[in-house]
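What follows is one structure encoded as structure tokens, with my remarks underneath.
We call the chains A, B and C, going by the order they appear; numbering starts again at 1 in every chain.
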Amino acid sequence: MAEALLEIDGLTKRFGGVVAADEFSLMLPAGELHAIIGPNGAGKSTLIGQLTGEVAPDSGRIRFDGLEITNLPVYRRSQLGLARSFQVTTLFPDFTALDNVALSVQAHSGHSFRFWSDARSEIALREPARTALARVGLAERAATLVADLSHGERRQLEIAMALAGRPRMLLLDEPMAGMGPEESIRLVEQLRALKGAITVMLIEHDIDAVFALADRISVLVYGRIIATGDPAAIRSDPAVREAYLGEGAADG
Amino acid sequence: MSPAPKPPVKTGWSIGIVTPRIGLNIAVIATLAVVPAYAALTGNAFALTLFTRVVILAIAALSLNLIMGFGGMVSFGHAAYLGIGGYAVGVLAKEGIGSGFVQWPIAIAAAALYALVVGALSLRTRGVYFIMITLAFAQMVYYVAIGLDRYGGDDGLTIYHRSGFGGLIDLSNRTLFYYLCFGLLLAGTYLVWRIVNSRFGMVIQGARSNERRMRAIGFPTFRYRLVCFVIAGAMCGLAGALLANHTDFISPAMMHWTRSGDLIVMVVLGGMQAMFGPLIGALTFLVLEEGLSRLTEYSNLILGPLLLVVAISIHGGIDGLIVGRRSG
Amino acid sequence: MLYFFEQFLNGIQLGMLLFLLAAGLTLIFGIMDLVNLAHGSLYMLGAYFAATFADWTDSFLLGALLALAATAVTGMLLEVIAMRRLYGRSHLDHVLGTFGLLLFFNELVRLIWGPAGMTLSLPSEMLNAVEVLPGLFYPLYRLVIIGVTLAVAVLMYLLIMRTRLGMLIRAGASNREMVGALGVNIKLLYTMVFGLGAALAGFAGLMQAPILTVQIGMGENILIAAFVVVTIGGIGSIRGAFVASLLVGLADTVGRTFVPDLLHTFLSDSASSSLGRALSSMMIYLVMALVLIARPEGLFPAAGK
């Protein structure tokens, strides 16, 4: 039985009178692709914030590979192997695509208190970066400034950035958002290829992608998980249908 | 709310590999190299004095460009390091320690130390708060200097002997001094160029571009920015030591907040992120200031609105004008 | 004890003057996102206008009213001609541009009024002292400053909280784009807000003129203090500006009065006077540094942004 790579225990967060996270708990075994779905306002951003370290929980604990990370700063969690992609593209607009990914590689290649050698000539950084770009189909766009990339290309770059640091776990924040049908299919294939090798927490609205990829699905409503299980179980769960799938959403 | 950065658009014209920007840089360096000869030939000693000042302030502006242009840290208190460097030289000279071998390292170290303190406290803030807090820290040093009766207080202190380097070089020889400053500027520019393109420089630039993402990919940005801030402070401290030698005088006015403003103007005028931008900016600003003051007693009536026009229209500084259209 | 209370009143009075400046700054910053280094120039103009008009009309009151109007108009003209073009640009551009304006105004004042500065005298009744506490006589004019600026603070509060204009201002401070999207005449709103800020600055300038100074460059020092106030109070917050002004005014006054004496108890005369002067000038910056370390966004940061 695979051990839990990520253990979330009783995360709670209040903003004024709103309970954004309500005793949220989840165990994520290594190698699983776990999807989190739920209506808007369910607390997905708060969850991501608490997992990445941008939001401090009021109570609760998070363990990553046995290590308590609840109070660790954002950069430290990334260094430990917990990478994320952003829902709203958050890249370095005045750098090239290759530079962007190379930075991600650099963050995981020792310290950067090197003041003399040209970083853009460092093979140990550039090669893995090129490979990462090639994997998402952006090889020819390596020398293009991010500001000149199309929206879909930037979304791809988002993923490449998160992967370039060779993370143990990937936290994907609505990666399909704003993607056209062709791009979505490609991304689904890329994620499918990752399954087993990397643990993935996928937070998504695109139900087709979720059901195509997920090993297990959790449904988040008002900061609390109301159901967890494999796709078939979730599809037929009446509570889920009522809370989410049944309310005018697309076919389950 | 800043406008989204637009990529630079290159103009079409160039002569071989000499782009307009390289051409400008070469022209400026060449001009500066022959200033002493020109001064000697025409008997215009003032030109040498003016250009020495240009070169020294260019070093200060260079250090500011490192943190501001490349690092995005807009410090409105950079003149403090000029002052600290200068005062190190002046104070030590007054206390009988005239050796440059002692004065200059202390000037650099003192400036670096203050930058460490200021950076450690200020770099947790961002945007205009950062601008204000750096201004405040500079004001603190300014007031301390005014309170130092022993070292002249508000009136300042004359330095009777320039830093001695025991036969290696005589700083009171103005031509030698000029070339020393010029050499230090070129060396400093090369150093900044290497820093900016190194791994360290990538982190600094990345943090300017998108700090949130930098943290998300695993960089502890604070410590890198702090180190950058200290390097810039140290370099500016050296400029301060040079300045004290140049004017044979130190006073709190060296670190008045308008001096910090002047440095920012120089960096912006010359083009942020351009290697020789600080030099071009210092040259332009000081020559303009000098020229205008000869034209009219009320030079700021022209200089002031000119700065406003620059702020409104030009987005790459003068360098940007040369390189080509940079929308903004 | 009485001496302490007198200094306390002085601190309040300084705080109130700072509030007038800071309120304008924080509004302009909060709504137009504009860093305005030339705000101190409007303060200076208020004083110069008042001195001039009072001279012409032989009446302090009339001079003050005319100066207030003139400064407000100058502010609005400045907004239309120059400030408009800075909106939306980076703060660095603002710093650069308004720094240029600051230099310009200092030079302009020197051209028009000469380098020597001016004086503004008070009507003789104001020169009396009032017995605020048994044995403590405090100048009437300083009490008037406190009273009038408190009244202005209350009016500002009513304006911001109870009027339609105030509602637009509050909305603009927390979400600029939305206000524009609502179809409000943004340009006019901005001009009026800037004019209001200018009037407040000019008012501060003319109020302090009889007791402090009317000279070139007088705006700089107090401008920095005003920025410190805005930073401590939180950008966009009038309430924050009020609390912070009092804090800073008191810190500065108490610092200047008591720090040298405090040092004197265990340092030599010359050391304590040097250090004392330096430290007391630094008080407000120390306070700001402490606040920013604990709360990097000030005491009452405006929500959203």
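Everything below uses one rule, namely that a contact is a pair of C-beta atoms (placed from the backbone, for glycine too) under 8 Å apart; a residue touches a chain by one contact, two chains touch by 3 or more.
Owing to the predicted nature of the structure, the values given are computational and were not obtained by experimental measurement.
Q: Contact counts by the stated rule: is the higher one at B-C or A-B?
A: Looking at contacts between chains, B-C has the larger number.
Q: Based on the averaged CA atom positions, which chain is farthest from chain A?
A: Farthest from chain A by mean C-alpha position: C.
Q: Using mean CA coordinates as chain centres, what's the chain A-chain C distance in Å?
A: Spacing between the chain centres: roughly 48 Å.
Q: What whole-number Å value describes the gap between the mean CA coordinates of chain B and chain C?
A: 31
Q: I'd like to verify one number: the distance from the centre of chain A to the centre of chain B, where each centre is the average of its C-alpha atoms, in whole angstrom.
A: 43
Q: Could you check chain C for residues that touch two or more other chains and list them?
A: Counting only residues that touch two or more other chains, chain C contributes none.
Q: Using the touch definition up top, name the residues of chain C that touch chain B in the complex.
A: Spelled out, the residues of chain C in touch with chain B are 29, 33, 35, 37, 82, 85-86, 88-108, 110-111, 176, 220, 224, 227-228, 231, 235, 270, 273-278, 281-282, 284-286, 288-289, 292-293, 296-298.
Q: Which part of chain B faces chain A closely enough to touch in the complex?
A: 4-7, 194-195, 197-203, 205-206, 209-210, 212-221, 224, 227
Q: State the interface residues of chain B toward chain C in the complex, per the touch definition above.
A: It comes out as residues 1-3, 68, 74, 76, 121-122, 124-129, 131-133, 135-137, 139-140, 143-144, 146-150, 153, 257-258, 261, 264-265, 268, 298-301, 303-308, 310-312.
Q: Mind listing the chain A positions that touch chain B in their complex?
A: 52, 73-76, 78-79, 83-84, 86, 90-95, 99, 102-104, 106-108, 112-120, 122, 145, 147-148, 161, 165
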